[in-house]
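Each of the next two complexes has chain A plus one other chain: chain B in the first, chain C in the second.
Let's look at the complex of A and B:
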């Protein structure tokens, strides 16, 4: 009882400068580490390179978000957006790796190492604090990544759903850079070691990629694996072991950090235990992500690519039917709008034709190969891809128009005559800026001379004379052209009509360019 | 560089002592012979007036007569400071860069990998960059603020440093080229241009830094800056402006014209920055007026 009273008195006494020792022997160690980590993080932020790269990262991300990407940003595919947030943080990770390494070696460079020896804090706790100084940057990256994803997810045209594991890779790569910076500083204590180390990592990844030819498990050992190139897949066909990869990254980060602490003298049982645990976690992650595409996944991809009707749901809008992969069903109204617009310009039986618009993607050769789609053989079937927005809309309109004129996609690829004039006018005639759209939809981005107009499957070719007629037509008021088109539909859609005749029928000046009088125009 | 200057000074004073001895002997000979024939054989200039050895030393130091530099002097100075300069060159950084670069270039032969030209080109670029990172330390001179006052000018000293390293750099690059297997070797002339520009960029940046800052050892900052520039140029330059095209890409010709411009610009900037600044360039100085 008296002891308790004494202690209370001591606690309540005014500070004398000579306080009694705390009851707990190590009360504030964690707090000291956190305080040092906060200080070091602030020091990092004060360095010009870190600040510049931080701004660069934000600017790069912002440019990616707001440059429009040909209008496709209005229709983001969320399970591709989450993956695309992974590369840009590498810029920040690189500069943090160099700067944290320099910060760890600061005391050595300035010859103040021995002053730290008199401090209570052990050197390995300083290393831990240096590694933790990357945490605020990781949090910042997480905020940027989260904003990037939320921005895309809030768009009315967004399809699919993202994965948290993919979003975590960016912030984790920052933490990895911090742990690696400390490990390199503690194992090779020279500042000069870092730049060659960075180049060495680059050389290593290049060589491994070149010599293993993209073996799945080797490829996934890299911290960031962005498989890009293919058109967006339905999310169940992705087959990316994202969750395992996050487990692998967490294990790797903790393992590197523990190795640095062990090298630095922190050989406590707890750190040893954590090292073993991290090693196990990392091994588990590697084992989980190592197997490549499973047989079930390959079968599912083949099924969705070759026989999409088995996995798709169809919706009817007015006359036509629209079949989409489950995640894209919300987009069918946009497709229907384009189809109705094009069909309203057509004449003859085409104006009342019942089309089937089928969404397709070729998922058989994986996420990194951009393979062209085979044209559909069935009559009245129009293909639409998994990308939408921007130029994809007039391209789809070209596809719809060519099926309306020729009957099916396979024969629309063989259009070698003046029918391309009516196809292009149908596709673009109802646009508000038809000539701009013509420039965009053509492969060579020009509106003179011969060229190819892109469509979801087969492109439509036109020669110089036809381009001239198309330009004249698109410049005329559309309501003066529509009656002529409806009246002469049979001649206009006949493969035997020459370009000069088409011009005459539609009331535009007869073209002077080559190929105006011949029927077949593909040979030139 | 501190002991370098000291040794150079010693060498110079040794030379002048020799001259002084000559003068002394001339003087003594003059004294031994008739007084009228004194200056006739004196290599150290007019010695006639100098009767004592001490004044002979004062007149003969510097091999100049009446302030006019004699033709032999730069060579004498260069020969004298060559050895101390060799000692002060940051050999550790240079050797590390060179060895790591050779290691990168030698990987295909070490592990007998079959590579294509694209991989070979990347390896050579990485090797050249590593070597250039070492070269960034070439102008490091801890005693820079002391050697600012020595009579041998900075361009001479910098030029000698570069001249000391240049032959080994050429040898190193040849070795690196031959380490890449025949079937993976990209067009030699173009890659050499890239490597030369990269290698020259590092000391040129260091020279510019020495010219415009008070730093004695700009190596570390230049090294990190060069790496950052390489990474950023690699990541941020769009396809039509890229500096690192694939072999036989449409951009190959244009990229190497840019590399040639970089080479010339780096050489000019480096040469222009070699001079010792007469006064420090300090923006803050304007603020205090």
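Let's look at the complex of A and C:
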């Protein structure tokens, strides 16, 4: 290995011959700060932790975009996607906070400050440059966020619309880390101050969150406020003060930076004025984001949850009706395709039944609600959620099949008997890989033994014997099963029929295990 | 000749200690040596002139700029190259990066012009070949040259060098003297040193400081001339001499007022310097 250990030096063109001293090199002081910011940004990029976290951020985002999650990302809800871009940059922000803090303290640590203090650029301008060195990383984050969101928005199944304010939070958290790193370095000029500071901030945040029981205005003082529940809401029910939050973050970043500059000797009238302005902007942002959910918003959420028909648009496909919140009306054709596929396998009156597929959310507990959707009581009504794609499709098919067999969703919750066999066959019989779908739709991700098959509301339970019959049926060509189903529809959908009888009617081996010969009830 | 630096009445106290006591001086183009024992106030004077610390009293200008005002101080700093007594570096920076960093702090903003300038000064101190090498891997002499390059970048009109040859081996010291001599062409250099040899070889003028005051200001020849007829040889240390020391031949070299019939010797700059100290403990390394 060469004795010369070289660093990557990005130089302008190589010298040619003897050069005279540079002349007139001081045209603009701001340009000098920007030049130093560029230099420091390059130094940051050469720090291994920064590089590693940068790559991790890109890899994590790329993995989220390209792994597909078995189709669940094919129907992104854009006003949730924008919010989901905010968390990943936080790790990058943390490492930048530490690295910028160390960079600010470099001169002190290595003893060059006495020398540098007699150079033209004042220490407070150097602090400004350190804070600005985070800008390229913020721009990079903005590009990643923009790409991530655009990628989702360009998918044919995308619904809703994103918010620019939500998309800005990730890049702003990077700038916040830069300003905070400089302020901490100028306030406590020791590198060992950083770990206790980070731990202290974490403990403080946790204590505040615990003591206030999620008080809205305190919660929104954090740079990133992710609120995610089980089901995406229509955008008009979100009620997130994203624009105010961006205003708050901008004010906070500038305020922290100005405080660092003031501490560092930059007590110019301009900086003092900007400090006051930043304080006002931050206060305005806090005031704007503080009030929480308005009465009108709560009422709108209740209305959309309890009486969705009042806010939905309904369209007819074939004999059924499909009612969706305005942003999801484009998905009704996909729902109709599933309904028609399931219904084509059914017999008796179910094959011609007019269903109403209604999209529902439960927004009454706010954005972080994880409550399951209540089954619809009305006959012939099938619930569909606000997520679509991947497992949500066979789950919806299970819901449709349940209503076709039992008449309504409430009754389908009481299916503990052999009707689960016909429900599962109706739901999955027309799939190209029905056993794979069976595994996906079951809660335990298996195709043996007893288990629960998920649906938008009530799950369908099956015992081991029923699972065996379902598997046998799903492995047979559906055209060989369809005539038998249609011919024996009444017996197959009767709660009094045993699993063994179902197997005999449909021509598959009769199971011998427990539960095969008796009529099981849910009370058993 | 118009002086580059003009100071009058500079006074600075640290608690009860007078670091500078009514110092007035005028520096013009060329290398001026600043000699004095430890604690004489040399480094304090350099730091005041480099605008690192303000004087309690007195005033000075550098190339006509008054550092007493904000804009004047910036103008002084723009005209200044400063190599501190024990220069520190960012060890993970390459030589190029460090000098480039200093150039940015001197607000040389145009990137291509700045890089040309950095290459120029690195070439001037003979470090072109190792400019990509991390500073922590450079020898002490090379680091000192990086410090000089950092001082020279931006072509300052006033160069302040605080004991730049301390710790260098003889070969490095000679090379450094050459660089300083080259640096003195077309600009004013104030060189603080313990080495009278440095002054003899480099300086067109010399200032001797003792206890915060200027004891002598003139040419090296004038300082040497102060010892004319006041240096003699003896077989034993002469108790009447102000200073005396055994030489390599076994005889003693004395400075002071020689006795009648003494074996007078040709004076050197060091003899003149010792006589100027007038009893102050001197730290001289020839």
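Everything below uses one rule, namely that the second predicted complex is superposed on the first by the 491 of 524 C-alpha atoms of A that agree within 3 Å, B and C clash if a C-alpha of one lies under 4 Å from a C-alpha of the other, contacts with A are read in each partner's own complex, and residues count from 1 in each chain.
Rule of thumb we're sticking to: contacts are C-beta pairs under 8 Å (C-beta built on N, C-alpha and C of every residue); 3 or more make two chains touch, one makes a residue touch a chain.
None of these values were measured; they are calculated from a predicted model.
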Tell me the contact category for A:49 with respect to chain B and chain C: first, second, both or neither.
first
Just checking: does A:117 make contact with chain B only, chain C only, both, or neither of them? Give me first, second, both or neither.
second
Return the chain, chain B or chain C, that is in touch with more residues of chain A.
C
With both complexes overlaid on chain A, does A:67 touch chain B (first), chain C (second), both or neither?
neither
For A:432, using the defined touch cut-off, is the partner it touches chain B, chain C, both, or neither? Pick first, second, both or neither.
neither
Where does A:98 make contact in the superposed view: on chain B (first), on chain C (second), on both, or on neither?
first
State whether A:207 touches chain B only (first), chain C only (second), both chains, or neither.
first
Return first, second, both or neither, reflecting whether A:198 touches chain B, chain C, both chains, or no partner chain.
first
Could you please specify the touching residues of chain A with respect to chain C in the complex?
4-7, 9, 11-13, 15, 19, 21-22, 25-29, 31-32, 34-36, 39, 106, 110-112, 114-121, 126
Help me check something: in the complex, which residues belonging to chain A touch chain B?
49, 56, 60, 91, 94-95, 98, 191-192, 194-196, 198-200, 202-203, 206-207, 210-211
Would you tell me which residues of chain B are touching chain A in their complex?
93, 96-97, 100, 104, 107-108, 111, 113-116, 118-119, 122-123, 126, 129-130, 133, 137, 220, 223-224, 226-228, 231-232, 235-236
Chain A-touching residues of chain C, taken from the complex the two chains share
50-52, 74, 77-78, 80, 82, 84, 87-94, 96-97, 100-102, 104-117, 119-120, 123, 130-134, 137, 150, 154-155
